[in-house]
Amino acid sequence: MYKTLREEAYEANMQLPKLGLVLFTFGNVSAVDRDKAVFAIKPSGVPYESLRAQDIVIMDYDAQVVEGTLRPSSDTKTHALLYKTWDDIGGITHTHSTYAVAWAQAGRDIPIFGTTHADHTHQDIPCAPVLTDDMIRGDYEHETGNQILDCFKDKTLSHHEVEMVLLQNHGPFTWGQDAAKSVYNAAVLEEIARMAYLTLQINADTAVLKDTLRMKHFERKHGKDAYYGQGC
Amino acid sequence: MYKTLREEAYEANMQLPKLGLVLFTFGNVSAVDRDKAVFAIKPSGVPYESLRAQDIVIMDYDAQVVEGTLRPSSDTKTHALLYKTWDDIGGITHTHSTYAVAWAQAGRDIPIFGTTHADHTHQDIPCAPVLTDDMIRGDYEHETGNQILDCFKDKTLSHHEVEMVLLQNHGPFTWGQDAAKSVYNAAVLEEIARMAYLTLQINADTAVLKDTLRMKHFERKHGKDAYYGQGC
Amino acid sequence: MYKTLREEAYEANMQLPKLGLVLFTFGNVSAVDRDKAVFAIKPSGVPYESLRAQDIVIMDYDAQVVEGTLRPSSDTKTHALLYKTWDDIGGITHTHSTYAVAWAQAGRDIPIFGTTHADHTHQDIPCAPVLTDDMIRGDYEHETGNQILDCFKDKTLSHHEVEMVLLQNHGPFTWGQDAAKSVYNAAVLEEIARMAYLTLQINADTAVLKDTLRMKHFERKHGKDAYYGQGC
Amino acid sequence: MYKTLREEAYEANMQLPKLGLVLFTFGNVSAVDRDKAVFAIKPSGVPYESLRAQDIVIMDYDAQVVEGTLRPSSDTKTHALLYKTWDDIGGITHTHSTYAVAWAQAGRDIPIFGTTHADHTHQDIPCAPVLTDDMIRGDYEHETGNQILDCFKDKTLSHHEVEMVLLQNHGPFTWGQDAAKSVYNAAVLEEIARMAYLTLQINADTAVLKDTLRMKHFERKHGKDAYYGQGC
């Protein structure tokens, strides 16, 4: 019944080691089926080398298992809350990729310094603050989702315009129209994080990109008159 | 009719992922046919894994499509203007390679610190200033070409002696006698950028290379009495 | 007689080059058989490309050869003392992996900055001080083991909760329930060392992880109510 | 007549790209035959992918071609002078490896910070000063050899105890008992350079290794009572 969805999630998960975004099992991708109101996610702690499509676990938006014998990713409740709240996203990726984690551990937004960044979003990549002790002691992974949602509300960011976030002391979450796009965004974020790191080492006083240029690059790729790509 | 030209452009484009210079579709190479007054360029947003020689688009120097069904690279007008103005270059490469972008985002020329650099040019690698708001709101990619040309005029640089440039907040453009040489220059620039970055981290007060040494290395490889290589 | 043990040690050693943790012969892994009171270790200076399972040397806890014709790793006495003292560990790995060595050379504990670290231990990674001149002139590799043991005593650390250590001016040692787990820990340590390095470059004043979060992540993976992984 | 020598040089040269020590043609290895008083060196500017054993050029110690149709490496005179002066070395490697070049460009000796370094030499890696203008305008590559020799005289270093040097603003030269060992030393130098770089970024005040420890590690591998390796 969920074969196609499982395969979408499986294929997207297998991109993580190929793109150098995970060490061992430090990451997970999910894909959603909006008609059936379920999502498919990697099982917890299973190495990518031995992962099979049939191991993928099917969950509902309240993080209850719908189908599957393995325990789902320990981060499942975060995925569930994001799917429930942002009802138009199709896939979510979480990794511990090196440079994105470094910015998250440093507790800093990633400033927009160039067009590589602006091709994907016209905003700094936000770093949601570390959870409060009550949130950590409570329903931790669910509250992780809340922390991300609150960060977007507080900064009045659109999750269509910014498809990536850092969680302080933890690491990145990215999303997109489907699972593959969320993985693409995870790789883009890692590269943006690395470039911004190097930029500040060369010139600690680098100013952020000016508005005209950040909007030009974002709009030529994502605006109504976009002319990047093949329009399909 | 343009089969050979398309294949030259195709082969050169396929070197970018092999040399680690691009993530996803963040780069493009073109090759020119001076007799026919056309150039061949990568189509916009097509992944390298699925790119085929027949997908390459043929353009004239005014950036009009001559042959091809796909939309050309969004940076095509920059290539066109450079071919039109510098009538002896044979290929152009644009990438978002990591270290070159970091220097471009920092808005700094890459100082000439050693013989690796001097083997390729005896000048600092120039960083052309960010475009004005009018240029960005106008014919953006054409003006990008103008910004590169103006930079070379302002600094009285020869595009034969310096086959590479950074565009502030964006990234590198390189060129050469043919498309393959422009890709070679893109890889050299990335390595020079990385070495210069590390040099300043070790010794922030490093002085640039003295004139005798920069000319010695440039001339032994490119001068009339050059003795590097097999002279063919 | 020791065929299985040799193969366990061989397979674990062969993971080091695959994980990018060694250059040439700069590392060694051992595996212990608690029933027979022996351990199996890589022979000294043998390249990984030519290493065979039958080359692995069998030693007792006093670092005497039990079986094998090749000379054991020069670090064998360190392994022996750790096995003798910590009678519940099953494997030990020593490498000169780049970032872990950099922290060891800098003589610094690796601060716990994020959940990647806390997933594996809730403490800073300790850096045992450099050996005294007497220890170096004496039974050097045995004293290296003593220095590690003293460090854990002085800081009242549990070798179950912290399965990794740096030795100042030298490099990392890691251990675990078997040889494969000790290699896993060596790779995790290298990644934690790299992330902490980058974190401090971005924000030199980064604070360590708060207690609630470090215990939450450690316990969800290693505590009695752990829910990470498949529980097997 | 020189088939074996050519093959030794060829095999050693082909290790450079495998070990990640060269981009394009930025490096060369030579091997000497002391009985015949000739050495074999890579031809200038030939890509590693198309290099064949028969392309290797045979030279005498005065840098005259003995056999071969291709032009030898532009650095040949440096190799020749080192073979002529240090009559017990068997191979020489020159690269532009990234971290070694960064230290050379910064004009700094690489301080001995740990046992990875001491396993190979008990001294800092010397950086020979940039050539004078007269030397550059004169017999440049020959004078490069003189600059290396003078550096070892001025610092009273033994070329047996220190088999590697940086040349300021240029890059590393390494040597050894044969060509393969000189390549090994080039790879070790690059790793030592990288570790020392990272060490200073973590702790700018790191002290060099104390004498007891540097001699202990050097002697256990290279002294008369060495016990590292299989003694063959």
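Just so it is clear, A, B, C and D label the chains in written order, and each chain counts residues from 1 on its own.
Throughout what follows, a contact is a pair of C-beta atoms (placed from the backbone, for glycine too) under 8 Å apart; a residue touches a chain by one contact, two chains touch by 3 or more.
Note that the structure is predicted; figures quoted are calculated from it, not measured.
Under the contact definition stated at the top, no chain borders both chain C and chain D. When the CA atoms of chain B are superposed on chain C, the rotation angle comes to 180 degrees (nearest 5).
Centroid distances built from C-alpha atoms place A farthest away from chain D. Of all residue numbers used where chain A meets chain B, under half belong to both copies. The two sides are thus made of different residues.
The distance from the centre of chain A to the centre of chain D, each centre being the mean of the chain's C-alpha atoms, comes to 46 Å.
Chain centres here are Cα means. That of chain B falls 33 Å from that of chain D. Residue positions 201 of chain C are each in touch with at least two other chains.
Interchain contacts close the chains into one ring where each touches exactly two others, per the touch definition above. Every pair of chains in contact is given here: A-B, A-C, B-D, C-D. On the chain C side of its complex with chain A, the touching residues are 113-116, 184, 187-188, 191, 194-196, 198-199, 201-203, 206, 209-210, 212-213, 216, 220-221, 227-231. Residue ranges on chain A touching chain C, taken from their complex, read 23-24, 26, 43-46, 70-71, 74, 96, 98-99, 101-108, 130-131, 133, 136-137, 140, 169-171, 197, 200-201.
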